[in-house]
Amino acid sequence: MELINVTIAGATGYSGEELIRLLMRHPGVDLVCVTSRSHAGGRLEEVFPKFQGHKYSELKFSASETGGIIASGAQIAFLALPHGAAGEFAGPLLEGGVRVIDLSADFRIKDASVYREFYGQEHPAPELLKESVYGMPELYRAELRRAQLVASAGCYPTSIILPLHPLLKGRLIDPASIVVASLSGVSGAGRKVAEEYSYVECNENARPYGVPKHRHLAEIEQELSAAAGERVVINFTPHLIPVTRGILSTIYAMPRPGVEAGKIFEALEAAYGDEIFIRLQGDKGSVELKNVAYSNFLDIAWRHDPRTGRVILMSAEDNLVKGAAGQAMQNMNIMCGWAEATGL
Amino acid sequence: MELINVTIAGATGYSGEELIRLLMRHPGVDLVCVTSRSHAGGRLEEVFPKFQGHKYSELKFSASETGGIIASGAQIAFLALPHGAAGEFAGPLLEGGVRVIDLSADFRIKDASVYREFYGQEHPAPELLKESVYGMPELYRAELRRAQLVASAGCYPTSIILPLHPLLKGRLIDPASIVVASLSGVSGAGRKVAEEYSYVECNENARPYGVPKHRHLAEIEQELSAAAGERVVINFTPHLIPVTRGILSTIYAMPRPGVEAGKIFEALEAAYGDEIFIRLQGDKGSVELKNVAYSNFLDIAWRHDPRTGRVILMSAEDNLVKGAAGQAMQNMNIMCGWAEATGL
Amino acid sequence: MELINVTIAGATGYSGEELIRLLMRHPGVDLVCVTSRSHAGGRLEEVFPKFQGHKYSELKFSASETGGIIASGAQIAFLALPHGAAGEFAGPLLEGGVRVIDLSADFRIKDASVYREFYGQEHPAPELLKESVYGMPELYRAELRRAQLVASAGCYPTSIILPLHPLLKGRLIDPASIVVASLSGVSGAGRKVAEEYSYVECNENARPYGVPKHRHLAEIEQELSAAAGERVVINFTPHLIPVTRGILSTIYAMPRPGVEAGKIFEALEAAYGDEIFIRLQGDKGSVELKNVAYSNFLDIAWRHDPRTGRVILMSAEDNLVKGAAGQAMQNMNIMCGWAEATGL
Amino acid sequence: MELINVTIAGATGYSGEELIRLLMRHPGVDLVCVTSRSHAGGRLEEVFPKFQGHKYSELKFSASETGGIIASGAQIAFLALPHGAAGEFAGPLLEGGVRVIDLSADFRIKDASVYREFYGQEHPAPELLKESVYGMPELYRAELRRAQLVASAGCYPTSIILPLHPLLKGRLIDPASIVVASLSGVSGAGRKVAEEYSYVECNENARPYGVPKHRHLAEIEQELSAAAGERVVINFTPHLIPVTRGILSTIYAMPRPGVEAGKIFEALEAAYGDEIFIRLQGDKGSVELKNVAYSNFLDIAWRHDPRTGRVILMSAEDNLVKGAAGQAMQNMNIMCGWAEATGL
């Protein structure tokens, strides 16, 4: 395997840190550059003592700017930057011949006006939206192979879009009936220093937030609408729970008239039976955060409730792996023509 | 205030332990007897070292049987026993002139066949179902005053029935549209010793369970149906999260055609604006477990989602207080003609 | 009981918040003023939604300055301010006729040069050191009765000084042999917003800190030296553990030659057997954070190790109650001539 | 690398489960057999859903007996059994030509009478004690190469022996001065189902236990005595804290008269400067559980306290990796002549 030079911009956030952990074990890459606004000049092992004694431990963080990334010889750049900032990095990197895998929301939403609506600011690089590929391997594998700009899918969206996609595509459920409740660990808020994410305020606590119009709805509804062939609008309530890692989603939907629940579950088996990172738990199995922690798996279980007629889909993933860094690396594997599970 | 003699049967479970904590501070009662199958003979402070130096610390657990309770001079007995067992205690106690507040499910479900369906066993005392009063003070205050047998409302049901009751009663929402996701702390499982409730298996974990037909649905749907004047069937998914105390419920419902969301929220204000233990947080406020921990409050917040048309109700309570021991004591206060918040 | 007007300066930190919780239940006081630099103008229930529906919920935070406190008619002021700031408040308040209970370190250390050594700044009011009384009721009860300025004892110090005091006073242990390891919950760090106290960084983590010269040593060694009648210097290592509340201390000491372990334990019984807030667990009993949570108790257990000759003392307290707000209220009860456990 | 057939006896405990996780990634082994008393007949992925989609997921647990292990063609057997049981397995396996790596305490203690004293039962195979090698690679690397029976070192002992060994060997500290306080995560108690390890009882709690004579002292003092060339007896207090993984030890010792602290720290550098799994953090650095989680590292930091004269050593490890399964695999790597970090 010929080594590919990769870089991480914004490597001190939780997604960036997790990417470092995963890339260290990847046999096909050489991590040539990590950038950080706050820690430029520091060695990896100084900023993250846990990385002492590991590969790259002496790598120094450089300033967060595109010139340095290009000069480092990077062939692929992961952007683990806040939204807005990521969008500004992509253009210069692409022009410099660097393929970009963006972990922010900037290139996930195809419509710049929807971006403005949900993120409250103008899109930083609308001209690039057309060429970006949504980085959800199970749905866009073919497009990812040749992609220069990948918008790696978000944490909540991954746990919601994948279970629903085949059901909407097969016209098996009523799009207007979809209701989702998700639980997320605190690392999902990023390495933000705020009282609401302090230990004392999160421990022995739980709360819904972002109700009723969380930003991730833009991305979720875009992909669900594409699957359904019609505009899909859903209810989605995220909840913060006191764990570090993990997202659990419980999804309710009503079968279209005349559709038997069995058909719905067959559609899931047909869509994902061969997927390496989706584990179908069926109508007897269950999903738990502990089963997916530190892995790139998305687990999906389901039930039919004959009393109300609804189907209930339950999914679990590690928000930092399948919901962020692992998925980004899976996208990279596809872009580079490697086995999709390499290093995962 | 003349002291009333009270007893707790099954005082070593989490609800019983919490009742002890609350009754210690109640100015109107004398705790004359606590029973336990496993700790009979032990002093309160031996079984619960935290109660050393408190009132009743030298009280001895007696065997769990009705004769001893009656002989103790108890005027009110709290039954913090497993379902099935509670049902067997009630009759003899009532005959012995003891008013009963049952914290189990046994007398909550009015229809013995529904009990059989959800609990998988014959009801132990169906003849008493008719006289039992559902112990939810906000709905049955008048009946509670003279009740001899109170079925104190359950933890999940309290967090779900109260927000929905005025909406169904006012015919403001479509009963068929109701979907609920609840999160519960681990104390909700009781002091059961099982691997699934061990620290290592619960910490850094979360999971849905009891899908799609959790036992508490019997109780929830009975009360929602009574409010609606028609049979109501809902979806309800409980999730276990790593906290000790607390229940959080997120409830989705569709207004009936022509009903404005504002009307729905007015109904909540009208129903509960004067309730001492319901705190309405409105359409800007939020609910969090930390705000209700160790208190008898139920917090309710709400939102209208103009995109889907649904209303979202969010509630939070301490499952051991408003969801169990606190509510039982609130019921007692009503039964005894005391101010409802006495000791709470 | 005639009501005493009390005020809390700096009422939005964790100690201040806990004081509010405790004072609400105290039958002898009227909380007339709470101050806050950051939340002046806000109502108590806005800043702390958990206090909705409680006494004082509509009390407004005023600016943090002494004039307003005096003008409020306060007879007693609790200072829950950072060290340095507290020292500046005390003088004007005392001159204004307000008795002061300071929860900071400012008046605990009698020697201004030791304060400078450990806190790295000049003492803000050295002239007041002489009249301040160390607020540890079990040791200074008589002095507290008439005190105008009380330096309420610190969290770690309470858990360490109380177990060792009678042993040093009785010349039963070798002062040079004392070694202490303490574990503290994260609320001990205060409501500081810093990455190291974020949920993700504290959860599933533990670490020693402040080694070898933590600030609380100044206070601990001052009191141990007073007990021993000679200068005592010890080793003390605090550890941060992932709980919200609680301090656990494990203390090692070598009996002086010829002293039997039994004598040591008798000294503890003699010193504290009648203390209402010290619970002696003996040489069979144990201490656990869960037993003291939300209470004003300090639990002490002990062992003798015949293999090494050392005695091991173990203590547990709630750092926010006996280690801060509860102890401050206990001090107030003594100052006002009330039963010491009033409201606790 | 030629594949070696390995087996795990007692693979459903936490150490066994962790061994499975680590062996899956080891390029030199084939896991041919896993045994379990309670889950014989079950597939790996059924017992541990997290292992679905992984190597060996369809491997079936067989009954826990030596004949089956030998018949499986195993060349190396890991014993993750309770003490007592492990001792009975070793003999037959060795006779059957299987090299044994025991994770229990059975072969760690060289003196059968000490085993009886600390474990309260006769040693099950005293005749094998002589040939067993203590599985602490940093101290017994040479002996491990040819060992047939390895007693992989325990979790607490690893965190305590390694920091102290060079200091005692160099006669730099007074053996009688050693005092240790350790904190352990709940997985250290094993997959025991007991109320004291339930979520509700461990969460928001911490407690010392096994004071003053915890079983691990036998192993710790044996190795410290060997290092010192004289009998060493210490104080050691373990504490249970609410984390799943990790052990933190804080160790106090007094330098021998005339020994400067600098010499002590040089001895640590000299002993471990080249060790791949010991990371020396020096007198400025710190240790935290989060830095060693899921890794085979032991971190050591130190301080000198000029006030008392003592040195303080602090160490951190993952109790399931360096404290159990990782160390066992490190031992295997040495026994097989592989690079010591293979698979770790």
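In this document, chain identifiers A, B, C and D correspond to the written order of the chains, with residue numbering beginning at 1 in each.
We adopt the following convention: a contact is a pair of C-beta atoms (placed from the backbone, for glycine too) under 8 Å apart; a residue touches a chain by one contact, two chains touch by 3 or more.
Owing to the predicted nature of the structure, the values given are computational and were not obtained by experimental measurement.
Q: Give the chains in contact with both subunit A and subunit D, ordered by label.
A: Looking at subunit D and subunit A together, the chains touching each of them are B, C.
Q: For the interfaces B-C and A-C, which has the higher count of C-beta pairs in contact?
A: If we tally the C-beta pairs in contact for B-C and A-C, the bigger total goes to A-C.
Q: Can you work out the whole-Å distance between the CA centroids of subunit C and subunit D?
A: Computed from C-alpha means, the inter-chain centre distance equals 39 Å.
Q: In angstrom, rounded to a whole number, how far apart do the mean CA points of subunit A and subunit C lie?
A: Taking the average C-alpha coordinate of subunit A and of subunit C, the gap between them is 46 Å.
Q: Would you kindly tell me how far, in whole Å, the mean C-alpha position of subunit C lies from that of subunit B?
A: 37
Q: Mark out which residues of subunit B touch at least two other chains, giving numbers and ranges.
A: Residues 201, 203-204, 242-244, 286, 288, 290, 293.
Q: Which part of subunit A faces subunit C closely enough to touch in the complex?
A: Residues 14, 186-187, 191, 193-195, 197-204, 242-244.
Q: Inside the complex, what are the residues of subunit A that reach subunit D?
A: The touching residues are 49-50, 52-53, 203-204, 276-277, 279, 281, 285-286, 288, 290-295, 297, 299.
Q: Given the complex with subunit B, which residues does subunit A contribute to the contact?
A: Interface residues on subunit A, with respect to subunit B: 176, 179, 181, 183, 201, 204-209, 211-213, 233-235, 237, 239, 241-246, 248, 250, 252, 286-290, 293, 303-305, 307-308, 310, 312, 314, 316.
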